[in-house]
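Take a look at the structures listed below.
The following pair of complexes shares a single chain, chain A, combined with chain B in the former and chain C in the latter.
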Partner chain A sequence: MLKFLKEVLRVGEATQKYPFAPAEICEGFRGRPEHDPIRCIACAACTSACPANALSMKTDADAGTRTWAINYGQCVFCGRCEESCPTGAISLTKDFELAVARKDDLIKRAVFKLAYCRSCGAPFAAAKEVEYVGRILASYATSPEEAERIRANAEVCPECKRKLDVEQIARSNPVQQMETAR
Partner chain B sequence: MTGSKDFRIGQIYITALNEKMPDAVLDTSWQTDNQVTVTVKLNSLPDAVATLYYEHDGWLSTMVGNDERPLNGNYGLYYVLSMEGAEKCHVIVHAEIPEDSPEFPSVTPKVPAAVWYEREVRDMLGLQPIGLPDERRLVLPDDWPEGLYPLRKDTMDYRFRPQPTTDNETYKFVNDSKVETTVVPLGPLHITSDEPGHFRLFVDGEDIIDADYRMFYVHRGMEKLAETRMGYNEVTFLADRVCGICGYAHSVAYASSVENALGIQVPARGQAIRAILLETERLHSHLLNLGLVCHFTGFDSGFMQFFRVREKTMTLAELLTGARKTYAMNLIGGVRRDILAEQRLTTLKLIGELRGEVKRLVDMLLSTPNFGGRVNGIGRLDPKIARDYSPVGPVVRGSGHRRDTRADHPFAGYKLVDMPVHTQTGCDVLSRTLIRVEEFFDSIAIIEKLLSDTPTGPILTEDFAYVPHKFALGYTEAPRGEDMHWSMTGDNQKLYRWRCRASTYNNWPVLRYMLRGNTISDAPLIVGSIDPCYSCTDRVTIVDVKKARAKTVSYKEMERYCRERSDSPLK
Partner chain C sequence: MSNEVAALKGRLLKSIGRSIYVYRVDCGGCNGCEIEIFAAITPIFDVERFGIKVVPSPRHADILLYTGAVTRAMRMPAIRSYEAAPDPKIVVSYGACGCTGGIFHDLYCVWGGTDKIVPVDVYIPGCPPTPQATIYGFAMALGLLEQKLKETTHVEGEDESVPLIHPGVPYGLRVALERRARRMAGYLQGRACAEAFMGALEAPEPAQVDMRITQLIAKEEDPRRAEIFTQLKLVFTGMLA
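What follows is the complex of A and B.
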């Protein structure tokens, strides 16, 4: 009993003042992921990395939009989205106070415009993603003309790309080329 | 991966099986250097398991039922034995069951430890164990339709919820007492508890004559979920959620099962970090149990002191992983976050403080006059019963058996440390408590050792290829004992089968024997000494066999009686 009393006196008060004073949080704490729609290119890498299906991506071809959404009620704060994002558009914060009055408030959305194929006119990817890919590929070009051609090529949907490739090969007449080579 | 010819641990057991039972062994294959799967004829299954279990120091770690009809036309059974004799390794006894006759000879009459596994495989895969004395369901509820077996590949989607077939509880609780007893039901449900269980104590006056219990009221279907909805890398995060206390142990066990199956060498630094985090988890878990022992013996101020100190271990977890629970640190191939110099220093400082604080608190607890009388000789687990049922962790070590996965089958960073194993011979609540105290200080020493010479280099490897239909075991020693996972890869970046066995699963079957011969005021203390999740046991039904009268007592009331030991709820 004496030992116990001594211990109690030695320790003093252990209770923290939270929520009347801020809680102490370690560096590197994994809290609410924050999304930056300006940097986001709607590539959906995060949605496939998310183990809890908290992140989703829905395409509405009629409206011409692609909607990215996070449900904080489903999020497990693992940070796989942060690791997989190519543009650093999502990162975890130290915020852990996520209570809301309505369930819907746990969902945050960002709507992106779709890009339409230069060739067939069908929507096939988010406009920002197409622009991002075109810019990266064009940076390897050796002349402004080539850069423009690469950028234009990026605006063609995969389906049309395949078709155009076949047509281009047919135009170059591979049979004749082979015969000439022989 | 097949181990190289000259380095195959476990060959002596195969030789022994071949000598004792000629022609029974059909095939042997090594998944790693110390994991061998031996396929036997179906009729030889009970003898093969019993031979390894009782003649070669084997313990039953888990049993896996697998619907392999799409692969080879058969069901597969895998009895996993942890061999702790001459050559320490895992021997997995495998038998195939043809599709047209889904039954197999039960191992339980020879090895009682198999009882829950065989009841479960009957529920989940519809494989009939012939000769199994216990015909009750284990996992499926009473209102689940006959003939719907959730883990068969062709039966149901993981989201399917069948219509209930009955409104009545049809489960029969077993009472082996020779005298008349009263029934004390404990549980089953409180709407807010996540893991309810129902306890039925058969009492004569205040004495427990026998006990039976039922779990799985909230079966989460994680194995099916993992197999159908998630990629194999994402399952590490699901495994984190198997348990709210020792989830990281499951995550490591799962990750290493896939790493073993695919032959992935996890970098040494990643292995060491896994061990450091596992010990961090043990620190907080053991402090939680020590606090609860205080609580159940009516020493609530001690409980508060242990929980005050426990907060330091939670800070430690937050510092090292970024979360107080569900660390989310594992990927297949290693860990996601390194331990930096500054974190290392803070960790060393924190565990130094913990060592001193906990030492003072333990001295205080053990010198509290009525503590010894309350835990000494209570909840005795006979070493022979322990041998028959393969319990794990502090429960089995408290009954004198030297079993610890960290020492027997070193995994993760435990290869780098000398692993002491503590045993006690009291077989009671006190023994189990003392073992947790000793292991707490070991954990601190292990963390210090691993932090002082951590291997250098990468923490994660991505240099591997996913190969279909490879399988292996992964295991850890969680605070409650061995966690055992068995995974088989699919052909779609998912798992074909994930079998996850938590430590308490192996400890439930012996609880009945621990309760017998004690008084009902000790019941919460005894249940607490196996350290299950506390939300499990909400209410008790007490049946007085002599007066043939049943009474339901709320768990709060039982707990109060355990602490105060006055005003019996039975009067």
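What follows is the complex of A and C.
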């Protein structure tokens, strides 16, 4: 009995104080993914990386919007979204207090605008993504005119880009070029 | 939920005190959730200080704890245990599978979520929920703690523009550094290494870049990270040449 009491006094209290005190969370804990819609370019890299399909991206062409959503009830906290995000918009936090009484409270949404093609006027990507890509590509330009041309080129949908390329090649008359080269 | 059921549940919560009997229903989970439930009743987390006890029969239960994605084979036993529990009862849906079906949501034999077969009062997400998350969920089910998560919708404002991560580092160099670091240390640790390296590149006084990188490598205690920084330095000097 005395031996047991001695052991008890030596070990002390093992029980954690939570919920009366903040929980002890270890380093590298994977909690609720926090999404910063300001930094997000709606590129959908996270939605294709998500193994549980907790992240989703829906495009409504009529309304001109693209809606990103996360369902915390479906999330398995693997961190693949954080790994794949090119702008660091989504990252895991140490928050674990996620219990809810209403299922809809588990869902977080962000609505983004769509960009319309310069040539045909059809929506083809999120406006923020097009602007971001145009800005990065234009940073390689050597002159302001070239930067403007690159930025304008980024605002054309892939289908129109293909058509414009063909037209450009046709204008340069490849047959004649080949003959003069010979 | 009808008014009568709500009133009964309110009376249950008022009189339940510190005698909360929990029956655990496993509807086709992977048993990760069970391990965390049993971790919650160990002395370290000790839910028994709130009177929460796991009982072996639904006829003794006040709270039914549903884990797992609700498979076709388990739906009848799940409904039977719901009916066997005396009214009024509280149903808690436990884990990502219990909430929505989780990673198994589109399987052919999975109903996807406890709420497809029985009415649920509290959802505890997590894969699996930690013992602390379990305690929080139970405290919420018993009306002791407030719910923190709320449904939100952010709508893109006018002229919202995403800032570049390291505007001082040329984009081509940034891509080369991140690729090298990720190839060596994986996505998460690789990004952390690349971020630290680019932080050293970007600091003011560009003339001292070489010195700062040498310092970064010398100060690093982890030899693996130091090796990655050395490789990143090679990438950097290679791009300069």
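FYI, the second predicted complex is superposed on the first by the 171 of 182 C-alpha atoms of A that agree within 3 Å, B and C clash if a C-alpha of one lies under 4 Å from a C-alpha of the other, contacts with A are read in each partner's own complex, and residues count from 1 in each chain.
In this text, a residue touches a chain if its C-beta (ideal position, glycine included) is under 8 Å from a C-beta of that chain, and two chains touch if they have at least 3 such contacts.
In this text the structure is predicted, and so the values were computed from the model without any measurement.
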item	value
Which superposed partner A:Ala52 touches (first chain B, second chain C, both, neither)	both
Touching partner for A:Pro37 - first (chain B), second (chain C), both, neither	second
Which superposed partner A:Glu145 touches (first chain B, second chain C, both, neither)	neither
Chain B versus chain C as contact partner of A:Ala14, first or second or both or neither	both
First, second, both or neither for A:Asp62, with chain B first and chain C second	neither
Chain B or chain C, by number of chain A residues touched	C
Contacts of A:Lys3 with chain B and chain C, given as first, second, both or neither	first
First, second, both or neither for A:Cys26, with chain B first and chain C second	first
First (chain B), second (chain C), both or neither touched by A:Val76	both
Chain A residues contacted in one complex by chain B, in the other by chain C	14, 51-52, 76-77, 79, 83
Interface residues, chain C side, partner chain A - complex	43-46, 49, 96, 99-103, 105-106, 115, 120-127, 129-130, 132-133, 135-137, 139-141, 144-145, 147-156, 160-165, 170-172, 187-188, 191
Chain A partner contacts - residues on chain B that touch it in the complex	230, 234-235, 237-238, 241, 301-302, 305, 308, 311, 315, 318-319, 322-323, 326, 328, 336-337, 360-361, 363-364, 367-368
Footprint of chain C on chain A - complex, ascending	14-16, 18-19, 23, 37-41, 51-53, 71-77, 79, 82-84, 87-89, 96-113, 127-128, 131-132, 135-136, 139-140
Touch list for chain A against partner chain B, complex	1, 3-4, 7-8, 11, 14, 25-30, 51-52, 76-80, 83, 92
